[in-house]
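Dropping the structures in below, format is structure tokens.
Here come two complexes built around chain A, the first alongside chain B, the second alongside chain C.
The block that comes next holds the complex of A and B.
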């Protein structure tokens, strides 16, 4: 390979990768998620980073950071706690790849100075290189198996760049093994080396060829003498003189050697086609493509995820300043590896399936939160996406299981809170908020106007089985027990901001067939679901269940006439 | 006896009204493990007053000073009446036991003296009853004072629609010259247009609200010998609230029960729930019984429950049916007649719908439909169509029983407590005789 071409390509890839990295990392200080993030400038956020780093480095927190480096970044402790198989796959890929990078790709600057007399064709390097490559391949296989095994309706959005990264990695590995196999089997490579080492006399060359055919896997097609012990003995003497210092037997290359044996019959043809040259080009340039595109493929997680883990170790989540929190949120968009462990643990995952709305799930919500911050979610024409994202955001129960499950230490609860703030700022607050914009009777009037178009029928009954069925409330005798035991009514001593209806009045409106008048009522929306009414109802009416159901119905029906528009 | 764990028990009580509560209490007191199924919401309609037998015969509307004399007359003239089947001595014991349990749970009653009392109602009428909560007894004392009725102040609260002191004073004024009424704003709720008794009761458990209320009443006392208030003096801590009012005003203070559902009903339910918890009765208060069947295993019955996800299955050696009448849904009425709701047991009832009611709705002798109910044998077991016990260990108690008109006879609590006691005596006999360990 031409050294000039190699170096030009290497430096170009390095430069592109570095520029891309700078661009991507600048986003950590530029992207604004959450209303409080609007109040801080990028400069303040950079300052907060340095202050935070300094206070972590010069305190006992440093121990946490060092521990995180080893346990969380290198050994992936959090992944181990959540999913052993995935941890195994990641560890195989990570250590296989890192060792190949250091000992093989960076051999001139790492391995050669460390190990005088290093030759890539000596033991144990042949074996180690194959071991590392096999580790990465097994890791990829485990990864793909895991993706297949966990395939669900709402799998995390991985996108083409994730697939490209895995494909590129597999390609580098496969070309590496093929290249090594080709070199083992290649008679042409043998003859070139023999010539370089001055073994040209047939009396020496023939025994050496015999030995290399018998013990080193070279696929000669033109051996003239049978491989007698005497001939091999002669060959060994020649080998000891010129070859042994650089060449160990290749059988320890336990992947490449079997490939070389399999390629024996076509070794001559491969030589004729100069396979060693183009395999080398493919192998090296695939690496350069990987390097140049690093900031834009899933490989970027190798930068962002460790940063996230170290930041997480540097201070407890709640101790971050507004500026630092803003940066952490932006970092989270990059550091998320779309592993989907959060989705598996999510408390409202069944709800996501029931509603057919994936944005309830953390991995999807993270993307929606990013789109919201970037403005694309609020672009006009995307109203449905925005409304669904809002539905997802406000059905979250803040249980914190996503944060505990996250293997890269993201403070997801903070991210969700910030996202909800952004939604509220875009006039997409929680249903309990937007429903307050009108009184119960104003909502009922709005429904009346909007209703002429469609008649309520079966879908409504499916959504609200209790309030649509007379039998569930017709037994009400208006005894006021529900109102008497209701802590919400008891608490609303101020007529200005109290409840508008009492529970028994809600039941009465249902009895009168005036359900639309209950949907926007304070009583329905302020109900604390303590279930006192239901447990005490002498008629066994499921008052609290009906309240909850009316809320669900209100989100559905009032949401339909709410007519939200994306801010222009 | 069966151990009190899991889904099996000696006695399953179906129903959590007065009769069901009494049955569960007496089962526990006899050392039987007990599971009670059903919502206690019906108790909320109670006034806290425990009737035994106030009126007999119903057609004459005759009031009795002594409930035991009334019981004796009932036994002579109406031997088929469920109350007439219980020994008066047992009734006395049952009442003492029931009231003592409520007292332990914080709901104190005035000592039972073997005579009926007169209590003021929110309508200004006088009600004949037997067991009177301590917080109401000063009113009964005032009404029954031998030297005539002393001056008394009735106070109500603006916005509490269900209680009007003025209405009571207007109704009773000509027979009680010293009866005055006053209306005050309830402290802290001045701006609220509509008040609810339970909220006031909870608010009065706070010392500050209590003192402000007392301070508002103080200047209105005048010549009053006692003060009557709607029954809002505390919920869980009613004894302390009532005592604080008497101490603060320096006079006897009495509550007047409000229209159902009322604070005394909430207190009674709360106290009974505490009683059940203290006696180890396992409650399934969110469940109802879907099916009841005799088990293959002789001597046990299986109850299938609804109301909890996946349902539940209970096993009991005896079952007590205390499901009440129409409002409690123990009985179901339709065009074809009256049925027992759970098992479809035959109901003693008028031959046709025309015979259900008298021509006059307010006919003093009552209506035949109100005396419909289950027929039982001497061991309190409901009978099937052939006149045999429907199941060997199925018992029925309370208002579901035939041959009584508890509302007109003023014997609701008496019927519940007495029949529960008598039936549980039979249950204990049968289970003890079965010799199970």
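The block that comes next holds the complex of A and C.
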């Protein structure tokens, strides 16, 4: 390969990768998630980073950072605790890849100075290179197996860039192995080296060819003499003089060597096609493509996730300033590796499946939170996505299991809280809040005019069977016992606590066939589900159960006529 | 004696002391607790989907059933919700078959075998305040003599009584009896059966705050030194309303902590 071309491509890839990295990292200081993040400027956020880094560097926290580097970043202790198989896959991929990068790709600057006399074709390098490559391949296989094993209806959104990254990595390894195999088997490569070493006299060349055919895997198609022990002995003498210092037997390349054997019959054809040249180009340029696109493939997590882990170690999250918290959240969007371990542990995963709404699940919610901050969720045409994201956000129970499962240690509950703040600012607060925008009768009027197609819904009778069945409330004698024991009614004279109806009046509206007038009622939405009414009703009416069902019905029916639009 | 421990969503992340003290006290009394892969009891889902709520609850019941265990929960809201789901599954056949279908997707099934129990009645049986106790009341070695304690029952343990099946909803006694068992003195307070306000803290914060403060004021006026809870929602609610004040005017204590103290268990094991 021409050195100029190689260097031009290398520097172009490095420059592109570095620019991309800068662009992506700038987002850590630019993207705003949460109402508190809107109060700080990017400059303040950069300042907070430097202050935080400085105070961590000159204090005992430095020990935490070093510990995190080894235990969390290199050894992946959090992943080990949550999923051993994935941990094994990750470590194989990571260490295989890093060793290949350092010892093989960066050999001129790392291996050569460290190990005088290094030759890529000597032991133990042949073996080590194959070992590392095999580690990465096994790691990829374990990863794919893990994805398959954990497949659920709502897999984490990995996107085309994740597949592209895995495919590219696999491609680099396969071309590497093929290139090595081709070089082992290639008669042309042998002759070029023999020539370079001055072995041209047939009396020396033939025995050497015999030896390399017998013991070094070269697939000659034109050997003139049988491989007798004497011939091989002669060959060994020639080999000892010219070749031995650079060439070990290739059998220790335990992946490439069998491939070379398998290619033996086509070695001549490969030589004729200059396979060594184009395989080298493919191998090297695939690496450069990987380098240049690093910030935009899933490989970017190799930058963002360690930064995230180290930042956490540098400062306990409770001590974060608003500026630092804002950056921390933006960083979390990039550091998420879409492993889906949070989804597996999420408390409301069964509900997500029942509602058919993946945004209840943390890995999906993280993406929605990012889309909301980036504005794409509020673009017109995405109303349904925004409404579903809001449903997901407000059904989260804040159980914190996602945070404990996350191998990157993301503070997801903080992200959820910030996201709910952003949703509220976009006029998408919790149902108990948006229902308040109109009075009960205004909602009833809207229902009367509006289409009542449900956006996402169980049928009415399944949502609110009690209020749909006259038998469940027709016995009400309007005795007011429910109202008299209701704490919400009792507190309605306190400032800011007024109600529009009473439980007894809600029951009466149902009796009059005016259910739509209850759906937006303060009483229905402020019911504390204390069950005093139900327990005390002389007629055994399930007043509180009816209240709760009316809320579920309201979420769907009022939601359908709510006609939400993103604030412009 | 062996139970599947159902902690719910709040305890592990917001009130780990409840988990610690429950485990410590029950271990002391020889109860084995098993951890299953439980998910949300279904309470928050009630506001959007009745089926979603029952499916969420039934999944947990089916997990316990598969393990051949009854469910024990320290949370009264989880208790109420899980038992509510059981009642609905019993009485509504079409719902039952829809839920069965959803559970079958995970290889689970609900038949109603796993019972759901709250920690308080179990403790009442164990420490000898009820008939059939297996451990004598003498398990209490450091009686909390003289401490005036107000019992906070929690709505969903008591009502609706046909679902919760916990105690007499109008005049419950179990909590006071349990307080007496620790040597402390239960105080009688008019608002002891009222709602703590927690379910409204997001939907209507001012109303929720009025409700909580009314209870605290009432307990104080009735001479309570400690407000004793058996539900993470109530407990965290009282703490949240009183937080920020230099000294909370009414100290909250989980019943499992009170009992643990009386049993002479180390404070650390009770999360104190």
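The rule is simple: the second predicted complex is superposed on the first by the 470 of 568 C-alpha atoms of A that agree within 3 Å, B and C clash if a C-alpha of one lies under 4 Å from a C-alpha of the other, contacts with A are read in each partner's own complex, and residues count from 1 in each chain.
What we mean here is this: a contact is a pair of C-beta atoms (placed from the backbone, for glycine too) under 8 Å apart; a residue touches a chain by one contact, two chains touch by 3 or more.
Predicted model, so just to flag it, every value in this text is computed and none were measured.
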Touched chain A residues, chain B compared with chain C: C
Which superposed partner A:277 touches (first chain B, second chain C, both, neither): neither
First, second, both or neither for A:144, with chain B first and chain C second: neither
Touching partner for A:535 - first (chain B), second (chain C), both, neither: both
Touching partner for A:549 - first (chain B), second (chain C), both, neither: second
Contacts of A:481 with chain B and chain C, given as first, second, both or neither: first
Overlap of the chain B and chain C footprints on chain A, listed as residue numbers: 494-495, 535
Residues of chain B that touch chain A when the two form their complex: 39, 41-42, 44-45, 188-189, 191-193, 196-199, 202-203, 260-261, 263, 266, 269, 285-286, 288, 327
Chain A-facing residues of chain C, complex: 9-10, 12-14, 39-40, 42, 44-52, 55-56, 59, 92, 95, 98, 102, 105-106, 155-156, 158-161, 169-170, 194-195, 197, 199-200, 202-204, 206-207, 210-211, 214
In the complex, chain A residues that touch chain B: 479-481, 483-485, 489-490, 493-495, 498, 502, 535-540
Interface residues, chain A side, partner chain C - complex: 346-351, 353-355, 391, 395, 397-401, 403, 413, 430-433, 458, 462-465, 487-488, 491, 494-497, 525-526, 528-532, 534-535, 542, 544, 548-549, 551-552, 555-556
